[in-house]
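A, B, C, D, E and F label the chains in the order they appear, each numbered from 1.
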Amino acid sequence: MARADGRQDDALRDVRITRGYQQWPAGSVLVEFGRTRVLCAASVQEGVPRWRAGSGLGWVTAEYAMLPSATHTRSSRESVKGRVGGRTHEISRLVGRALRACLDMSAIGENTIAIDCDVIQADGGTRTAAITGAYVALADAITWLGAAKRLADPKPLSCAVAAVSVGVVDGRVRLDLPYEEDSRAEVDMNVVASDTGTLIEVQGTGEGATFTRSTMDTMLDYAIAGCARLTEIQAEALALPYPGELPGAAK
Amino acid sequence: MARADGRQDDALRDVRITRGYQQWPAGSVLVEFGRTRVLCAASVQEGVPRWRAGSGLGWVTAEYAMLPSATHTRSSRESVKGRVGGRTHEISRLVGRALRACLDMSAIGENTIAIDCDVIQADGGTRTAAITGAYVALADAITWLGAAKRLADPKPLSCAVAAVSVGVVDGRVRLDLPYEEDSRAEVDMNVVASDTGTLIEVQGTGEGATFTRSTMDTMLDYAIAGCARLTEIQAEALALPYPGELPGAAK
Amino acid sequence: MARADGRQDDALRDVRITRGYQQWPAGSVLVEFGRTRVLCAASVQEGVPRWRAGSGLGWVTAEYAMLPSATHTRSSRESVKGRVGGRTHEISRLVGRALRACLDMSAIGENTIAIDCDVIQADGGTRTAAITGAYVALADAITWLGAAKRLADPKPLSCAVAAVSVGVVDGRVRLDLPYEEDSRAEVDMNVVASDTGTLIEVQGTGEGATFTRSTMDTMLDYAIAGCARLTEIQAEALALPYPGELPGAAK
Amino acid sequence: MARADGRQDDALRDVRITRGYQQWPAGSVLVEFGRTRVLCAASVQEGVPRWRAGSGLGWVTAEYAMLPSATHTRSSRESVKGRVGGRTHEISRLVGRALRACLDMSAIGENTIAIDCDVIQADGGTRTAAITGAYVALADAITWLGAAKRLADPKPLSCAVAAVSVGVVDGRVRLDLPYEEDSRAEVDMNVVASDTGTLIEVQGTGEGATFTRSTMDTMLDYAIAGCARLTEIQAEALALPYPGELPGAAK
Amino acid sequence: MARADGRQDDALRDVRITRGYQQWPAGSVLVEFGRTRVLCAASVQEGVPRWRAGSGLGWVTAEYAMLPSATHTRSSRESVKGRVGGRTHEISRLVGRALRACLDMSAIGENTIAIDCDVIQADGGTRTAAITGAYVALADAITWLGAAKRLADPKPLSCAVAAVSVGVVDGRVRLDLPYEEDSRAEVDMNVVASDTGTLIEVQGTGEGATFTRSTMDTMLDYAIAGCARLTEIQAEALALPYPGELPGAAK
Amino acid sequence: MARADGRQDDALRDVRITRGYQQWPAGSVLVEFGRTRVLCAASVQEGVPRWRAGSGLGWVTAEYAMLPSATHTRSSRESVKGRVGGRTHEISRLVGRALRACLDMSAIGENTIAIDCDVIQADGGTRTAAITGAYVALADAITWLGAAKRLADPKPLSCAVAAVSVGVVDGRVRLDLPYEEDSRAEVDMNVVASDTGTLIEVQGTGEGATFTRSTMDTMLDYAIAGCARLTEIQAEALALPYPGELPGAAK
């Protein structure tokens, strides 16, 4: 029962991270997990939501969305339907929580970093790709804020954040499922982890089936190792210089 | 660091399940986890959603909602705001998935069972109480369908389903968090399990913190044991006769 | 042509009023008119709507809603439909007007009392039960405000408010219609009255029929007498001590 | 305490009814009660709402709306706000119920008559003017349906319908209140009556005050007499020939 | 290939402009292009939208809408659908832009003039009639502002604005198309021009066809001449005195 | 007064067209006009909208949208706002009309081609870039339909379609405005033309200014020449083979 793309059960797809994909946001990253492509932008906005104003703390929001043309068959546009669907809401909230786990909100002052994850092409694992790319965009936005002298603490990121999917397909635990596997997985789990190997979020679901504690343990093993590999790829990408013009840079 | 209510870290709150709470739905259950009270109703509707019509399979939907007066400070009404919030969407989807895991959809034919979980009073753990109560309401609706001779298979429930929250508070893993603990938990996890101890859903989140693999393991231990205890309480409640009048009953 | 439940034409159903039904609102009352059960909560909120700010006057708002599981066949949830229906709007407005008629707005200062009437079980007369129960919840909220030393005048309620339905069924004027009568009534009227027998609101409708002035007069006679009896039941309920902990109470 | 326009307390304002105001609807009437002007159109549509299909019965719907420019200070447009307000809902439902009371639904077959009441200028009493004008538009639509040979019974209108407001202003009962009186009325009532003097709808409200049974009786006396006078004016208007081209007419 | 109404290809329909159509707005104009009738109101509101506050500049907004009964077959009401359609949005924006082109925003200070164009009867060319009538209503609102001593500059209108449609029907260029021509036009163009013959807006569309540059030129010739004639009719209407009572007028 | 990028007044920016940008749609094109980048996808869907069913004719719809991160400062997401804005509506309608002008609807049978134009990066001229790219995506979708043997006529495209903006900036007519010019243009015009030089749509607007007939003529000259150049670039792009796998192709 080999995988269609020949990967080992515990192997990631090819992962590519392209910084500076767009001109205007402080961070803009195209992340690719195989054929899944997500554009992650981090925009800096002055001020924070009303309920947080006056606290001296910053905020990170996230919105996830899918282009209608990203999926095998066209999906309808949520703006036209006039409402955001439950799945979209759920993923947007997940991305926001994941990124807030790594950021010291007092260091960025009363600024909001708005994360936009727009799926350009979907082939499974869009939410985990989104989190992995969004962390890199966030890191660029932090660099931008530092250059703009708007950081109270020069190192507000307490950890790096990466995420990967894992599931049970054909009775085997497998990492980083493409759509073809995801759509028939018996169990589906998304794991968000820090670069020190601690966990930030674990969401596992039996899809019309239940799963044993020992399957759960194997899935966690694979996912934590996968996140460690993603952390390395993020670090390589971030080792390059900031891809645009920083505020205060000599022109 | 004892708990405010004197419980052991791995103990549930008092759990009460009252069947037959309302007159009209096929199943209607008031479930109480301490001061948290959720009204779970299961209504049988002929037909299935359009995308499933003609399949011969049934369906289970779920909607979760909070009365405005259920919370410490009044929350605004989603019907008046004109949109269902992300948290509500997320929990409704969770309840539906959890219950679908235990039901053989071919056995109920093209009927829909609509589960409504309305929180009368919120004191932490409303989503896990909702799942635990909704399973009992679903079981009553199945009994009702059987009496109405609308089941293709007399035992369509493949397992029982219960759920409980677990978290890290004051640095200790604790089961079944009330609001006072939940609101300051460092890690928060909801676990849905079957009566055979297998897992249906695991959702764990670091709230502004990360957690180690070993904390994850302890949380799973507590939660699986808690679900086993809830399964017993469900079974005791279901050992009583159906609380209303069944179709075809002699009057 | 006796009534299905054996009542006299001018008799009320069994009416029960339970104070302190929920933990958190300042007033929380379960009111039952036969099988109709409505949960009425009164929550105190600082401030008033923008158009009233700076007036020194308080405000009372009301929202009425029906649980999907409250009706004979499940009704769809207005939050999911994304809009409040006309009937819901109409009743919410009626409840608010009725309660505002009895309250001196200058006495409560710039506070808002939000009334939530959520129908747990519907068997006719939900709007009149809601008003009758909401008055008791409002009275408890006033007691709470007094204990919190937030009243400019210690007795801001100028009268008590009760409401009852009356209609023409099978050619006879009848009081307090259950669903079985209401659904086939030729004329349907709701009357809100004060404890001095004066009228606050009269809404009478021919349902596909017209009615004579003399029928109108008989309906008013029955309804005013019914409201007087409801006023007594409210007074009995309110004669008991406040069912929770008041602000400033020694603990 | 004379009225600002010099009228007797029980007198109507000048009432004018202009048929054939628009080109396309089967009935189109401009009704004026003093400075209040409402355009009432009755459009015939094949078919009935889904819940009524196959019954052989017709249906009458009504929508009431206010032009933004109709009021003393511009009111905002409900289409732009994205929701119909409670007051609009309430009046639309009232107009529909009032007209359905006079029409034999089996006589018009499975056709829907859509009534649109758009307020061109508001000076109090818009809902009662709307009902009074809409009846005339409905009568024209019935004539049109008859000419089109789409009536099962040539006289499907069982009665005429008119409506008027009455209230207590300056301590006196007064008929047909303009805005200046309406805005400070202590009691406000709308009465819909048939041409035989029977009642179709009575809606009376104390505006921050209560009212006695005897005030109620006087208000009903004035309103019933006012409706009788409106019925005469409707009959005069309808005595003229149909104001457009009827189907099947020789050209 | 004569036109159904016998007009020359470059002739306008009968155009009538009635000022003072409604009581309350500062400007209220009924404009008729043949059977097309649009009610244009200009209401003065203190203050400007938030994004413009503090600029010292005024603002003009416009909303266009169609009564459901205005069209050959009844159209559904946008408030009931809960959203403004694309065509409505487009025309509202066009009317606003057209009128802003003629007004010196600094002269009216931080006041907003809200233009409402409500189509009473539609027979083609509603948007161009709306612009032509709205200019007259705007001129009246300016007169009103002047009388109220709220103008910084007594002549804030830099030009007059009129608009007309032109198209290709039956292979011929024709001016001011009624619905019967518009619905089968191969090319459809709307032109907004000033009283000096300069252009404000040109919107030309091939309806399932393309058109040559020379057709474009002829259409512009006809439209510019048509607008010049409309400018004369506007001027005649405005030569009469202000149709209501001006602020500060001796009573 | 040279242009910031050194271009001649009548020169286009660098235009690049990349076919096969996404995996799943039948046509997927990334079009770039300088820094403006729009992703244009053409998805084939069986069936047509209800109002067109049974006609034997196909349909083309278009939706335009802007990623929040595409603009200089982040724009809010229309799905989250719950409504599509007027500008978005307007452009979506324009794109649809432009493409329908070139396609024989009977040749594609009852299929719908859904065009999605999502702006990845905005720097002026997004709507004209969208049309220019969407034509290429449409041509690929037609090739796909032909390979799938779903075309009644092998050449259903009657012309090619391209679009460009033109305006008056600094008193000079200029072609293909970037944001920096567009935001301060006195006149702004969008022209859609066919490959034979005929016009499909002309939309010209004075932005707080009016413009003369001779300016109009110069703008048309520039735009028609610009479209001719765009037509060549489209043809070069389409001269390459179809960028994916066609239905029926030997694997």
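Methods note: a contact is a pair of C-beta atoms (placed from the backbone, for glycine too) under 8 Å apart; a residue touches a chain by one contact, two chains touch by 3 or more.
Please read all numbers here as calculations on a predicted model, not as lab measurements.
Colleague: Enter the minimum step count from subunit A to subunit D; a value of 1 means the two chains touch.
Modeller: The fewest steps needed to get from subunit A to subunit D is 3.
Colleague: If every step must land on a chain the current one touches, say how few steps get you from subunit C to subunit F.
Modeller: The fewest steps needed to get from subunit C to subunit F is 3.
Colleague: Please report how many Å separate the Cα centroid of subunit B from that of subunit C, as a whole number.
Modeller: Using C-alpha averages as centres, the distance is 32 Å.
Colleague: What's the distance between the Cα centroids of subunit E and subunit F, rounded to whole Å?
Modeller: Their C-alpha centroids are separated by 30 Å.
Colleague: Give, as an integer number of Å, the spacing between the C-alpha centres of subunit D and subunit B.
Modeller: The separation of the two C-alpha centroids amounts to 50 Å.
Colleague: Can you list the residues of subunit A that touch 2 or more other chains?
Modeller: 82-84
Colleague: From subunit B, moving on to its ring neighbour subunit C, which chains come in turn until the ring closes?
Modeller: B, C, D, E, F, A
Colleague: Contact residues on subunit B for subunit A in the complex?
Modeller: 83-87, 89-90, 92-93, 97, 100-101, 159, 189, 193-194, 196-206, 208-213, 216, 220, 224
Colleague: Report the residues of subunit A in contact with subunit F in the complex, numbered from low to high.
Modeller: 22-25, 28, 35, 39, 41, 43, 45, 63, 65, 67-74, 77-84, 88, 114, 116, 118, 120-121, 123
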